[in-house]
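Right, one structure below, let's go through it.
Per-chain numbering from 1; labels A, B, C and D assigned in written order.
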Amino acid sequence: MQLGMIGLGRMGANMAQRLMKRGHALVVHDTRAESMADLQKQGATGTVVLEEFVSLLAKPRAVWLMLPAAVVDSVLARLVPLLDAGDIIIDGGNSYYHDDIRRGGELKTKGLHYVDVGTSGGVFGLERGYCLMIGGEKDVVEHLSPVFASLAPGGNDPAAPAVAAPGKSTAPLGYLHCGANGAGHFVKMVHNGIEYGLMAAYAEGLNILRNADIGLRSHEVDAETTPLLHPEHYQYSFDLPQIAEVWRRGSVISSWLLDLTADALNDDPTLSNFQGRVSDSGEGRWTAIAAIDEAVPTPVLSAALQERFSSRGNADFANKVLSAMRSEFGGHVEKPASKT
Amino acid sequence: MQLGMIGLGRMGANMAQRLMKRGHALVVHDTRAESMADLQKQGATGTVVLEEFVSLLAKPRAVWLMLPAAVVDSVLARLVPLLDAGDIIIDGGNSYYHDDIRRGGELKTKGLHYVDVGTSGGVFGLERGYCLMIGGEKDVVEHLSPVFASLAPGGNDPAAPAVAAPGKSTAPLGYLHCGANGAGHFVKMVHNGIEYGLMAAYAEGLNILRNADIGLRSHEVDAETTPLLHPEHYQYSFDLPQIAEVWRRGSVISSWLLDLTADALNDDPTLSNFQGRVSDSGEGRWTAIAAIDEAVPTPVLSAALQERFSSRGNADFANKVLSAMRSEFGGHVEKPASKT
Amino acid sequence: MQLGMIGLGRMGANMAQRLMKRGHALVVHDTRAESMADLQKQGATGTVVLEEFVSLLAKPRAVWLMLPAAVVDSVLARLVPLLDAGDIIIDGGNSYYHDDIRRGGELKTKGLHYVDVGTSGGVFGLERGYCLMIGGEKDVVEHLSPVFASLAPGGNDPAAPAVAAPGKSTAPLGYLHCGANGAGHFVKMVHNGIEYGLMAAYAEGLNILRNADIGLRSHEVDAETTPLLHPEHYQYSFDLPQIAEVWRRGSVISSWLLDLTADALNDDPTLSNFQGRVSDSGEGRWTAIAAIDEAVPTPVLSAALQERFSSRGNADFANKVLSAMRSEFGGHVEKPASKT
Amino acid sequence: MQLGMIGLGRMGANMAQRLMKRGHALVVHDTRAESMADLQKQGATGTVVLEEFVSLLAKPRAVWLMLPAAVVDSVLARLVPLLDAGDIIIDGGNSYYHDDIRRGGELKTKGLHYVDVGTSGGVFGLERGYCLMIGGEKDVVEHLSPVFASLAPGGNDPAAPAVAAPGKSTAPLGYLHCGANGAGHFVKMVHNGIEYGLMAAYAEGLNILRNADIGLRSHEVDAETTPLLHPEHYQYSFDLPQIAEVWRRGSVISSWLLDLTADALNDDPTLSNFQGRVSDSGEGRWTAIAAIDEAVPTPVLSAALQERFSSRGNADFANKVLSAMRSEFGGHVEKPASKT
């Protein structure tokens, strides 16, 4: 089917490409003409003029936004007046589900349909397909099912595009209508919250392995340093790339994230190209806030989020307070930088 | 090659079976004759008499123990006097790596070789193969490589048993010599620590999804209950089995544990057959202790462990202390059992 | 000075009483006449009619609200139309500081002044005085300083009411102008967040002491139960009331919360009158959310909050997911209810 | 009574001084003569020769060790052969309670008595008195009660030394016989574990207050930075020294640690003399391990400990793993150092 796509960054361009390979007609729009060049060579119709973009779409129009969350509202402000009742807007980016609820309501008053789609798969989605979590009206989501089926992994085979059997769930194909507006991004938000937890679990475990040689290192003996009681228990110099690799094979903790971790460690066992300043892009925070609103305990997901905050130095002042207290009550003097 | 195996519970029996299918000769021993019956039908030689078991093995003997950690030492006390210098004992269970270090040292004085093997794969290992993390002397581990290759997933194809190319890592085949004695169980210990973290991440995320309908429920209004400021944000009744299923398809959080979770939710979306009292079998605790000894921060892995302690009611007294304090300073009276 | 007070629950009545003892003229209002009876005997003017209440106050009026956060807005809706430009409304309850910012702005357009006051001290405040954290316009706060000084501990001595020296901080007296509207409740919010952390620290520590006899108890030996490696290290039957008492005397962890804890344990060492279902009344959640917005790591404060969620059974579903996973991959069967 | 004291660092010298002021006869020993000079001026008998030290003590001798935990065993090795049956050794330092159990047993075979004393109070103990948590034989502890009473706060008044009424608890005086050997240091260990939690609670809360101005700062807008949705909620520039001060007055969170914190912030509101590398001296780790052994959940105490590990850079490798994963699946590039 025909689909308009606005926003041709890494994710949007890959998705447009995947859709065209599966026979869909893409009309694309980006403010930077160079972002569209490759797609145009592959058959997309492209224009930097938003009005022209809209006019190229058959009614009811379906417009997929693949934009940073922070600019969606400003693009909508320009796009919506150009659309007609019955048209559909799909937000496939990382919007906060609160915004979906608000937008869905606002657009409904104008006769427009809004669909929120949480998209997972990263840069590998082009080949592997994208996992799609969808919120919106049931019949609108069904109308768009050819697009979802082609983006999702179940539609990998161009010769045999997957279509869900009537009445059967589409989940095994890799896309799912999760509920009303906001449901798609809510599920994606929690997905990312879980992702933080999984990543932290591997990272902490690998850090334990990496320091299993602590008994081989020399240690200071002073009142500020806890002695290592049993150095004979920490005499291992583990080969992390090999261990990550073997865990991929038949273990309970095998996963796609572990596949990627093994790959990264194989490239550079010490990960020396990274500083360890870990960004967080919103969903992890929103997950933590949703859990608080629901009074659901999330010790692991919250800890994973806060580990990222700490990685960026944001605990520094709290730590200074601790050192100041220790200085006050015990006369403890801070030790200079050195681990353990 | 010939292998003796002691302990034919679920894990041991499956491993013996897998080895025989791949052409190895199994001599098995268990104190319960009925545990050996099936294996004997499949070609194993079995005996309830330990002395006979030993006599049936060709030197240098290789004896694999697949026993609860708590009984390994008592079995060793009976087995060791029957063995000869050059024989090999493999502990494939869940021993604490401290014990491996001790045992390796003790057995060495008797001319015996000790190999510790952390085994992951659970009940599915019979078909999928086991991920093996191995500690011990290099040449002894190499001597046993036909056994390891057959147990590991890389040896899945009976027609083409995988053998690591000389000088190449065996990790892609699913087994790895990780270091000296204790290294195998150390790596397996951390593996399980990570497992706890991964499991908790999924469990917490699903709990958030399950409570996304909190805005649909009625709430008490009193000074002891935090009001839900935005019930309109929590109006979702999510289908957890479908969501777990769709996440398996192309998402960043796909994993084998997620496959199992989707399966369990599909069987029973409310998991009503479970009470939620979660055992912990040692490795998670040992991982946490190793991290403390190494001064490695493990907020996620520790939280996952403690969540299990709490699931068994072990926080009850601490919670009573909190209620008592609130009663003291604010005259707060505990609310009767009801969630919020 | 003259002060109107609306809301004569436990906190409001005590505060009115303390103010009268220090010479202030109180006009009180509550919808329940019986709430005012005692105060009237002590000299307060009281009325159940809001209009009469307002008419009894001299301009510029000062009206202190001591109400549950959830009803403040509805009371304001009725009160505000009765007031005149220049009048002052003080919210001394536990409002969310977001609401203060909004209300301050709204009331300003009507020429009214709004002051938010976070109040700590609980039921003991009547005698000990209240710690007051104040947000609002500087000159309005100064105008009210006789009231604040009398409520705060520094004003304990009726014969010598404390007044801050000009240009000196009032903090040592127990009240502080913290900033613009919302500042008072922001500081109080964080105060309560800290309170959760302090309480949890004591509660967890006492729980460790209480279980220091675990080596004296018998233990199951099975694959689902981690063996206690060194029962000889856990042979202590500690007297918790005595320990809490001794810690009050000269230790680094002495505090008012510890005083209360010792008192509660002295009354009932097993705290058997409590179930351990711990409410949370909002500020702890808001603190956690503020920390997330600021990207400030709060592992301790968040853990304390989530411990409360767990105490009310809100982790149950997550724990069932864990048990279901364990059943899937390892065939683990849940153990019946029994601790450890 | 007469007491021998070995180890005259900051703690030991202060304790000796406090005891002499209350009429006890001190015989002191340190390998550095200059450590004893001041005490000798105040009336102590001192010698650098251990044999002479022992000979100066009347039988049954009472020898108090105030030494770093790491050197206690080596001092005992030299001291014990010089003692006679019935003599008493008191370890008032920060020994691991496991060592107390072992030492108590070993010394008993020689007819010697061992008493373990956890001591809290820091540099202020000289004036305020020390909180003493005591493990050992009941009659031996009673024999030493004049010493304990003088060290504890209850014995503050030289003119009226506190003595517990017969049959009454000594806890209100500030010392307590907690149980058999190890009990004193076990209770002290948990005391310090709690201390970590309390300290972290204040530190995290102050860090939230300090960053309440985040809405006033400019922010980058990119896909790696979570936008601050409501900058209008974070416009506060709080005066931390004043807030810490006001909290000391009548609030629920008043404590001695808060007194010290207010003092430190008053000296330097930005704590710029500290780097925030926070040591941990053993008890916090041992507390966490005891909790794991007991299966007692300690989310707050554990988080506080791990925050200290992180403060020393020990999470760096784990954070690099996170960045590496993000780079793999999403092509995310690390942002350069800058908070938020």
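The definition used in the following text is that a residue touches a chain if its C-beta (ideal position, glycine included) is under 8 Å from a C-beta of that chain, and two chains touch if they have at least 3 such contacts.
For clarity, every value in this text was computed on a predicted model and none was experimentally measured.
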Chain pair, A-D or B-D, that carries the greater number of C-beta contacts: A-D
Selected pair, out of C-D, B-D or A-B, that shares over half of its residue contact pairs with A-C: B-D
Remotest chain, chain C as reference, centres from CA atoms: B
Centre-to-centre distance between chain D and chain C (centres being mean Cα positions), rounded to whole Å: 29
Distance between chain centroids, defined by C-alpha means - chain A, chain D (Å): 44
Centre distance in Å when chain B and chain D are each reduced to the mean of their C-alpha atoms: 38
For chain A, residues that touch 2 or more chains besides their own: 122, 200, 202, 204, 207, 211, 226, 229, 252, 257, 280, 285, 293, 295-299, 303, 306-307, 310, 312, 314-315, 318, 329, 339-340
Chain C residues touching chain B - in the complex, by the definition given at the top: 10, 68-70, 96, 122-124, 199-200, 202-204, 206-207, 210-211, 221-227, 229, 257, 260-261, 263-265, 271, 274-282, 285, 299, 303, 307-308, 310-332, 334-340
Chain C - residues contacting chain A, complex: 252, 280, 285, 288-289, 292-293, 295-299, 302-303, 305-307, 309-310, 312, 314-315, 318, 329
Chain B contact footprint on chain A (complex, rising order): 97-98, 101, 120-122, 125, 128-133, 152-154, 169-176, 178-180, 182-183, 186-187, 190-191, 193-198, 200-202, 204-205, 207-209, 211-212, 214, 226, 228-230, 232-239, 242-243, 245-247, 249-258, 287, 290-291, 293-301, 303-304, 306-307, 339-340
